[in-house]
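Given below, in the form of structure tokens, are the structures.
Both complexes shown next keep chain A, but they swap its partner, so chain B is in the first and chain C is in the second.
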Partner chain A sequence: MDAMLADPLAVLVLAHADDKLLLGHVQSDWTGLGPLLEEDIAASAMSQDDLSHALILYEFLGKRFDLDPDVIAFERAPEDYACCDLVTFPDEFDWATSLVKRWLVAVFTGLGLERLGTLDDADLSARCDRIMPEQRLQVAHLGNWIRRLGSAGGESTARMQAAVDRVAEVTGTLFEVPGHRLEEDETYCCGRDDLFTEWNGIVQATLAEAGLTGTFTLPERSTVGGRRGTHAGHFTEQLTEMTEVRRVSPGASW
Partner chain B sequence: MSKIRERQFNHDGELPPGTPDTQHWVVYTRKKEGNPFKWAGSLNAPDLELAIQFAGEHYGLDEACIAVLVHHADDRTDGPCGLEPLEPGTADGDDGSDWTVLVLPRRGGNLQEAGTIKAPDAETAIARGTRAHANGKIVQVCVVPTDRTVVITGDHDTLIWRLHDMTYKFARGYSKDVRAKWTRIRDEETYEDYRKEDIHSHF
Partner chain C sequence: MLSGIPDPELPVSIVDLGLVKTVHVEQSVVRVDLLPTWTGCPALEVIAKDVESQVAALPGVDTCTVTWCYEPAWSPDRISAEGQSILKAHGITSPGCCSEAPTTIPLGTSFIACPYCGSNETRLDSPYGPTRCRSIHFCESCRNQFEHMKAVDLEP
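Let's look at the complex of A and B:
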């Protein structure tokens, strides 16, 4: 585990895998509560997709560092999770907030996995390629809802704008440099500015189509947040719940 | 436990009254190139755009297929369904617009695409569809105006076989496979008791 957490590429993969795991876990709360039956099914399926994507990435790390993917997923110390605070940000059961949050993360993850897929690692590249079709579907699906509800006018637009404003405050956490055990290295995540610019371009174009506005800022490189293991309280709450069964019976098999 | 799990939120007075603003859409899937579209299921959606989106995601991702066809349930006209296979009849002609013909191979089976014919109206389309496709093996002909159907293809990764394990969907009844699955986590005796009880109470 220590070797994995000290490896820059592994930590980058871990950041995406942890985002997926925690987002899939948090979003599954909506199962049975979606605004439309079909959307309920779609949102639940996307949560399952996220968990499946996390597993694919944990398996990559497990192979490389001889670790059980379940151990990586459930048995790390809270500070060793590299997810950002946006994924566990409470949506307070507000559908607009849930949509905006998931959409912003989905666009980021899509761009991040595209970049990881171009690295000189055939296994990682194949895994990213397999995830990407489902990731693109998530971006398209959520983007359609942003446009639809944002441009509907009246209460719908007002709720969507309020959701964007609320989520914007923590959106920068997506772009924090991950890995609290890594040596400071300016070349690590040096493409962060480009990634933010591309992400912001996609997000702003969709927001404009939806008649919404949002201002997002790139955090300083030195920012220490969830990606470096200093998580918000809501992360700890979700992690405690998510790992409950695992802690009751460590190593249990089905 | 998180606030969400405990359902601590109160939205009383915020929710609008339920409105029947969704419509019914029918979905067919094509498994392989050259195969006909076969009935897959239906869904509810407020409009065509969302119907297409849901059809692609629910049916295009949850089973291996190369194309999905969707139409509004009201756009389909069903011909009579008899106990005996249909006779072809004598309807003739090729005037009018295109209709997609769907046939039911047997009562209790699923509709599948048989082809297209031209006709000025639904009644004629059913008669001409019956003439074209009743071969002593089908029991019903249904038609949909072809321009009221939408086909989603696998281009641009819109249709893919989902990554996550969905083998639970294949669990039906008490087959050998299902037994093997359950007896991995229950002993044989417990499983056998459960099976008998379940069959007794449901069948």
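Let's look at the complex of A and C:
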């Protein structure tokens, strides 16, 4: 475990896997509560996808560092999780906030996995390639809803704009440099500035089509947040709930 | 023998659905490589257990293990002609069974012939259907809803 957490590439993979693990769990709170049946199903399906994508990435790390993927997912210390504060930002059961948050993360993850897939590692590339079509559908589907609800006018547009405003401040946490055990010059940033520029371009184009506005900024490299183990939002409650069965009954299966 | 193992969520076998990638046999040890339709499909564990237990029960076989593979990615092109016609009879279309349908579905519109009345006046209701591998469509002509085995790579 220590070797994995001291490996720059592994930590970068962990950041994406942990985003998906946490987001998949957080979002599943909505199952049964979606504002319309099709979207209730779609949101639950995307959460399932997020959890399977997390598993595909944990399996990669498991093979490389001889670890059980479930142990990587559920048995790390809280500060060794590299998810960002946006995924654990409470949506207070506001559908607009949930939607905007998931969309911003999905665009980021899509671009991040594309980049991971180009690194010189055949196993990692194959895994990213398998995830990407499902990721692209998430981005397309969520983007359609941003446009549809943003451009609907009246209360719909107002609530979508309020949601963008609400998450704007924590959105930059997506781009924080991960890994609190790494020295700054050891971190594997994978073109952070370029990633932010491309992400912002896609996000701004969709927001413009939706008639919404949002300003996002790239945090300083030295910023310490969730990606470096100092978590916010409902990370602690979420992790406690996610790991409860393993703590109560280690090795339980069903 | 694998043709006798149904997908738990569809009326077709895992062979007709195109899930079987390769079968390796070494003496009495069998390894079956399968492809998931969608990686988050909750039926994967059930399918793997069915295959492992039923193959291991064959005469001359000691053990069978299933591995889920990510290459090549499954696509509805892998569904057999027999599988397509069984699915269609159950109101589920697939790209191969409707000549007009492109292999990918542009969101918001669709060109898929309705399995009930054959009309092409259909639209996509949601790309996320009742299982991970299906999308939901609506026929403007006969006003029926139907499902489609979606290509994993949908066009935005």
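Note that the second predicted complex is superposed on the first by the 249 of 254 C-alpha atoms of A that agree within 3 Å, B and C clash if a C-alpha of one lies under 4 Å from a C-alpha of the other, contacts with A are read in each partner's own complex, and residues count from 1 in each chain.
To be clear about the criterion, a contact is a pair of C-beta atoms (placed from the backbone, for glycine too) under 8 Å apart; a residue touches a chain by one contact, two chains touch by 3 or more.
Note that the structure is predicted; figures quoted are calculated from it, not measured.
**Q** After the match on chain A, would you call chain B and chain C a fit or a clash?
**A** Verdict on chain A: clash between chain B and chain C.
**Q** Output check: A:90 vs chain B and chain C. Expected answer is one of first, second, both, neither. What do you get?
**A** first
**Q** For A:168, is the partner it touches chain B (first), chain C (second), both, or none of the two (neither)?
**A** A:168 sits against neither chain B nor chain C.
**Q** A:67 contacts which: chain B (first), chain C (second), both, neither?
**A** Neither partner.
**Q** By the touch definition at the top of the document, which applies to A:152: first (chain B), second (chain C), both, or neither?
**A** In the superposition, A:152 contacts neither chain B nor chain C.
**Q** Once chain A of both complexes is superposed, is A:38 in touch with chain B (first), chain C (second), both, or neither?
**A** A:38 sits against chain B and chain C alike.
**Q** Let me test your reading of the model: by the given contact rule, A:127 touches which partner, first (chain B), second (chain C), both or neither?
**A** second
**Q** For A:238, decide between first (touching chain B), second (touching chain C), both and neither.
**A** The answer is first: A:238 touches chain B but not chain C.
**Q** Classify the contacts of A:49 with the two partner chains as first (chain B alone), second (chain C alone), both, or neither.
**A** In the superposed model, A:49 contacts both chain B and chain C.
**Q** Applying the document's definition of touch, where does A:139 land relative to chain B and chain C: first, second, both, or neither?
**A** A:139 contacts chain C only, not chain B.
**Q** Taking the options 5-13, 131-139 or 167-175, which segment of chain B carries the C-alpha atoms that clash with chain C in the overlay?
**A** Here chain B runs into chain C along 167-175, and the other listed stretches stay clear.
**Q** What is the shared patch of chain A, the residues that chain B and chain C both contact?
**A** Chain A residues touching both partners: 38-39, 41-42, 45, 48-49, 51-53, 56, 130-131, 133-134, 136-137, 141, 144.
**Q** Where on chain B is chain A touching in the complex?
**A** 1-5, 9, 11, 22, 43-46, 49-50, 53-54, 57-58, 61-62, 157-158, 160, 162-165, 184-185
**Q** In the complex, go through chain A and note every residue touching chain C.
**A** 38-39, 41-42, 45-46, 48-53, 56, 126-127, 129-131, 133-134, 136-137, 139-141, 143-144
**Q** Flag every residue of chain C that touches chain A in the complex, lowest number first.
**A** The touching residues are 38-40, 42, 70-71, 73, 107-108, 125-130, 132, 136, 152-156.
**Q** If we count contacts the way the header does, which residues on chain A are in touch with chain B in the complex?
**A** Touching chain B from chain A are residues 26, 29, 36-39, 41-42, 45, 48-49, 51-53, 56, 90, 92-93, 130-134, 136-137, 141, 144, 234, 237-238, 241, 254.
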